[in-house]
Amino acid sequence: MVSISDAVSSIVEDGSFVVVGGMHLHNNPMALVREIIRQGRRTGKLLTSPCGAMNADLLLGAGLVDELITSYVGFEHLGLAPNFRRLAEQGSIRILECDEPYIAHGLYAGAGGLPFIPLPRGLEYSDIPKVNPESYTYTEDPFSGERVLVGAPLLPEVALLHAQLSDAQGNAVLLGAHFLDRLIALASKHVILQVERIVSTEEISSHPMGTTIPAFLVDAVVVATGGCHPTSSHAFYTYDEQHLRQYLEMARDERGTDEYLTRYVRQTTEALYQQSMADRIDSLRNEAVLEQRAL
Amino acid sequence: MVSISDAVSSIVEDGSFVVVGGMHLHNNPMALVREIIRQGRRTGKLLTSPCGAMNADLLLGAGLVDELITSYVGFEHLGLAPNFRRLAEQGSIRILECDEPYIAHGLYAGAGGLPFIPLPRGLEYSDIPKVNPESYTYTEDPFSGERVLVGAPLLPEVALLHAQLSDAQGNAVLLGAHFLDRLIALASKHVILQVERIVSTEEISSHPMGTTIPAFLVDAVVVATGGCHPTSSHAFYTYDEQHLRQYLEMARDERGTDEYLTRYVRQTTEALYQQSMADRIDSLRNEAVLEQRAL
Amino acid sequence: MSLDQPTDWSASELMATVLAGQLRDGEVAIMGTGSAVPQASCRLAQLTHAPNFSYIAGGTCSVNPYQQPLVASSCDYRLLRAETAVPLTDVVLMEGRGDVFDIFFAGGIQIDAYGNCNLVAVGSWNHPHPRGPGSVGLPFLSRVGRILIYTMSHNRRTFVEKVDFRSGPGFLEGPASWREAGLMGGGPAMVVTPLCTMTFNPETLRMQIASLHPGVELQQVVEATGFEIEIEPPLPFTPSPSPEQLDILRAMDPNGLLR
Amino acid sequence: MSLDQPTDWSASELMATVLAGQLRDGEVAIMGTGSAVPQASCRLAQLTHAPNFSYIAGGTCSVNPYQQPLVASSCDYRLLRAETAVPLTDVVLMEGRGDVFDIFFAGGIQIDAYGNCNLVAVGSWNHPHPRGPGSVGLPFLSRVGRILIYTMSHNRRTFVEKVDFRSGPGFLEGPASWREAGLMGGGPAMVVTPLCTMTFNPETLRMQIASLHPGVELQQVVEATGFEIEIEPPLPFTPSPSPEQLDILRAMDPNGLLR
C-alpha cells in the first residue's frame, strides 16, 4: 500500500492512455480522479467503461483530457454531463465515438493479445464506425468472404479502479456488480486500485472464487474510504444525489466548474475531502441488500 | 425438471454438435454421457472444453462420435485415453486438432456472434493450424497489414454440463472451479444441466453474483446425485481413481471397452448406476476445503 | 403528464402497462439506461400474465430484479435484489449472439419515422447541439427479436423524419434498405409515449398511430410529431391500467418514480 | 528413479529444487497438466527466496495454492486452498497478452534439440503411434518470458532431433528461423530431467548439458538423448536439495507424489 499521491505520481505519466472503471453513477474511482486533477496529469486518451459519469466529466472539466474514447458520458436520470457536453458542442475535445460492444470486445482483444476483433454483423448499421475510423474498420471474413466490421484492441496504460475490499497485495473483491472492471484490469498495463477497506489475505483465501482481480495485476493499492463519493460504492453507500445535482448546476459553465474544482479538489487533499464528506456518506449507507461476506 | 432420458431424447438430435463440460478428471457430465450412450445418439461433432477425459473417451468407445474437436483427451497422471488413442492411431476418427486458446476464443466468438476470431501472434508457430484448416485460417490485420491466424466461431448445438447446485429453473452454481463451463453455456444453442442437488430460488437469490449460468440459457435440469462419477464433482467428491484405473485397463481393446459399456452403461439405468456407486462416492467425499455457501 | 383529462394514473404507469402487454411468457428482455418504465413493465408482466418472462436490468446485469423498490439508476446496487445476476461481459456476448434476447427497450434524443434511434448528436456530429450522452448498446438493435421504443418526450425535436445520427438501427431508410440489410433482428415493433402508442406499417415500415391514450386528441399527436405520421382511423384508445396493474406498480414504486 | 547412487532424495525432489532455483521474486508462472513437480517448485520458491513469486496451477486457475497437500491432478478441487483463484477464461487472456507470465512450465512426449515440444503425435499426424493427448495451451510458449521444460522421461524416444509435431514452439528450427519469427517470448531457458539439467547454447540455440545430477555419468545422458547434445566440459554436478528444501517439500507432500 502506498499513499494516493505517490501512487498517482509514480504510475500515471503525463499523456498516458487512462481508463476509469465503474459505470454510470456507481463505483467511479473518484479519489484517484481527484488526485490526478490535483497533480495536473494530462490523460492523452481517456476511456470510459462503457458508461462514464463523474469520473470522466470531472477530468474533462479540469481540461486534462486530450482525447476521449467512450460510448456514453452522462448522469442518467440526473441529466447530461455538463463538461462533456460543452466541450463536444464547442468541438474542443477529440472524441473517439464508440459503442458498448466495441468497448467490451476491444478490451477483450487488448487483454488477450488479439490483434483486432471482428464485431457481430449488424453493428455496421449505426453511424459510429463512420465517425471513428481509428477504432473501427472493415475486413473480409476469411471463412465466408463476407464484409465484417472490426475493432482495434484497447490497450490502456493505466486503469483507475475501485474495489470494495482487497488485501494489502491487491487481491480485490468487488461486492455488488463488476461492470467491466475485471476486464479492464486484464487489459491494462498498470492498475491502480482504490479500496474502501483492506482485509486480510486469509479473508480473500476463504472465498477464492469470489476474488475479482488477482494481486499480480495490481501495481498499487490505495485506501480510500468513501472514495467513490459523490458516486456510489456498491454495498457500501449509494450516490449522493444532492451533491451530484450541485455539481451539475455549478458545471453549467467553465467558471462554475472551476469553482467546483477549486473547492472540492484543488484546495483540499483527498484525506480532507473524505473527512469532510464522512457524515454525508454515512447518511448514504446502503440498506442491507444481500447476504454478504463479512465486510 | 425432467427425467434424464426425456432430457436427452428431446434435446439431443442424432448428428448434433455436442460439447461436454468439465475439465480433466473433474465435473464431467457423466450421467448425461451415459444416457446418450444408452439411447445410441450419434454426436456429429464432439467438443471438449478444453481438456476431455472420461466424458469424451466413453463416447468415442461407444462409437458415437463422427468428428472430434479437441485440444486434449487424456487421464492426466493416470495415462492416455485408450479409446481416443486407439481410434486416432487407427485413423478411424476425424480429428479437428485444436489448442486451448482457440477453443476458448472460438467459444467466445460463438457466444458473442463474432463471425471469426483473430488469435494472438505466435500461435501460428504450432503445427495445429496446418492439420486443421477447417477451424484455422489466415487473414490480414486491416489495421497493421500483418498476417494473422484466425479461428472459426464454435457454435455447439447442445451443451452437456454439470453443476453442483441449481434451482428448478436452472439457475446454476458451480462450486469450485468453473473451467470453461460458463462460456460453453453462453455459446451453445441448448443446455442440458445435470446437478448434484436442487436448491430453492431463494438460495440462489441470496448470492446473485455467485450464479454461474442463468436459467434462461438452460433447456433442461436433471438431478444426478453422483452424476460425475467416476470423475470428481468439485466440493462434493473427488475422482474414483480405482474405478478409472479399471476403465483404463478394460478399455485397452474394443472387447474390454464393450464389456465396460455393457456392465456400467447399457445394462443399467442412470438411477441404478448412481445407486450402485453411492457407497463408493460416499467414500470419496471431499474433505471440507473451503468455507462454502450452504450445500 | 401530458394528458388533458385528470386520471388516477400517470403517463408512466400507463406506458408501463402498455409495454407489459407486449411481453410474452418465456421471452427474455434487455434494456439500457434510464429504465424505470421498462423495468416496471417487465416486473408487471411477470406478476401477471408472464411468470416465466425474464429480463436483465441495465449494467448491474441482475436477472429478474424483484424491484424492491423500483430505482432510477440502471446500475443501482438495489437491483441485485434479484433472482440472480450475470457479468456485463456475458450480456454483451448474449446481445451479440442474437438469439437470446427477444426484446430490446430503446429510446433516444431523436427517434425517426423508421424507428431509428439517436443518442449521440442533434445537428452534425462535429458540432452537435445538444450533444447526447452516447450510444452504449443501441447498435445491438440490429440483432434482437423486436424493439420496443419508449420516450417521455413526444415532441417535434424528438420525433423527426430522419435522425441526425443513427445510434441504433430501426427500419433503416425504409423497405428497400431494410430488405437489403437482411438483419437477423425483427426491427421496431412498437413505440409508446405519453400521448399514444405507435406501430409500424408493414408495407412502408413507417410509424403509424396505433392507439391514443385516454383523453388525447389525434391533432395533439400530429402536431407533436416532426414527420408525417400515418393514421388509420378509427383509432382506438389505449386501455387504461387496471386496478390490479396499478396495485402491482405502486407496490414496487414506493418512491413514486412513475408518478 | 534413474540415479545410480542411493540418495536420500528422489529425482522429482531434485527437479523441484532445480526448477525453484529458476524462479525469481515478483515473477508470475503458469503451467499445464501433470504438474506436481512444477507446483512443488513454485511453492518451494515462495517459501524460500521468492515470497512475492506468484503462480497459477492448472485448470482450477487457483493463484498461489498452498499445496495442502500437493495433488496429482491439475484441476483438483484441493488446489482451491489458495490465495485466490481466477476464471480459466481470464488465464487464456493473460497468456495471450504475453507480458503477464514470466515462466511457462512445459513438457512433451517429444522434446527436440531446439526445445520444441510435442504433445500430439509420434509419427505422422494422420497415423500416429502413439497418439498423444493434445497440445492444450502449449502454443502459448511463443508469448511467455521464458520456458522451463521438465520431463520424467529422459530417453531417445522423448529427446529427438526434431519433433514430429510441434505443439509448442521452442527455438523453432534454430537461429535463422527464430530470428525471422521475432516472437515476443524469450524461448526455452532450461530443461530438467531425472538425469541432468540442460540449457541452450546462445549461438546455436541447441540444447547443451548444464549440469549432471549427482551420481549420473555423462555417457548415460549422451546415450539417453536422441540428438547430438552439446557439451562444455568440465560439467558441474547439480546441487543436491538442502535439508531445508527437503523439509519444505515433504511437508507439502504427505502422499509422496514426488517420492
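Lettered A, B, C and D in written order, each chain numbered from 1.
Methods note: contacts are C-beta pairs under 8 Å (C-beta built on N, C-alpha and C of every residue); 3 or more make two chains touch, one makes a residue touch a chain.
These numbers come from a predicted model, not from an experiment.
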item: Neighbouring chains shared between subunit A and subunit D, ordered by label; value: B
item: Longest centre-to-centre distance from subunit C, chain (CA-based); value: D
item: Between B-D and B-C, the pair joined by more C-beta contacts; value: B-D
item: Mean-CA-position distance for subunit C and subunit B (Å); value: 40
item: Between subunit D and subunit B, distance of the C-alpha-averaged centres to the nearest whole Å; value: 28
item: Between subunit B and subunit A, distance of the C-alpha-averaged centres to the nearest whole Å; value: 37
item: Between subunit D and subunit C, distance of the C-alpha-averaged centres to the nearest whole Å; value: 57
item: For subunit D, residues that touch 2 or more chains besides their own; value: 62, 80-81, 85, 92, 96-98, 143
item: Where subunit B touches two or more other chains, by residue; value: 105, 108, 112-114, 119-121, 176-178, 182, 208-209, 290
item: Residue numbers on subunit A that touch subunit C, as the complex places them; value: 23-26, 50-51, 70-74, 76-77, 80-81, 84-85, 88-89, 91, 97-101, 104-105, 108, 119-123, 125-128, 131, 176-180, 182-183, 232, 234-235, 238-239, 286-287, 289-290
item: Footprint of subunit A on subunit D - complex, ascending; value: 28, 54, 62-63, 66, 80-86, 90, 92-94, 96-100, 143
item: Complex interface listing, subunit D residues touching subunit B; value: 33-34, 36, 58-62, 72-78, 80-81, 85, 87-89, 92, 95-98, 119-120, 125-140, 142-143, 165-169, 172, 181, 183-185
item: Subunit C contact footprint on subunit B (complex, rising order); value: 108, 110-114, 171, 182, 186-187, 189, 201, 204-205, 208-209, 211, 214-217
item: Partner subunit A, residues of subunit B touching it in the complex; value: 105, 108-109, 112-121, 137-144, 146, 148, 150, 152, 176-178, 206-210, 290-291
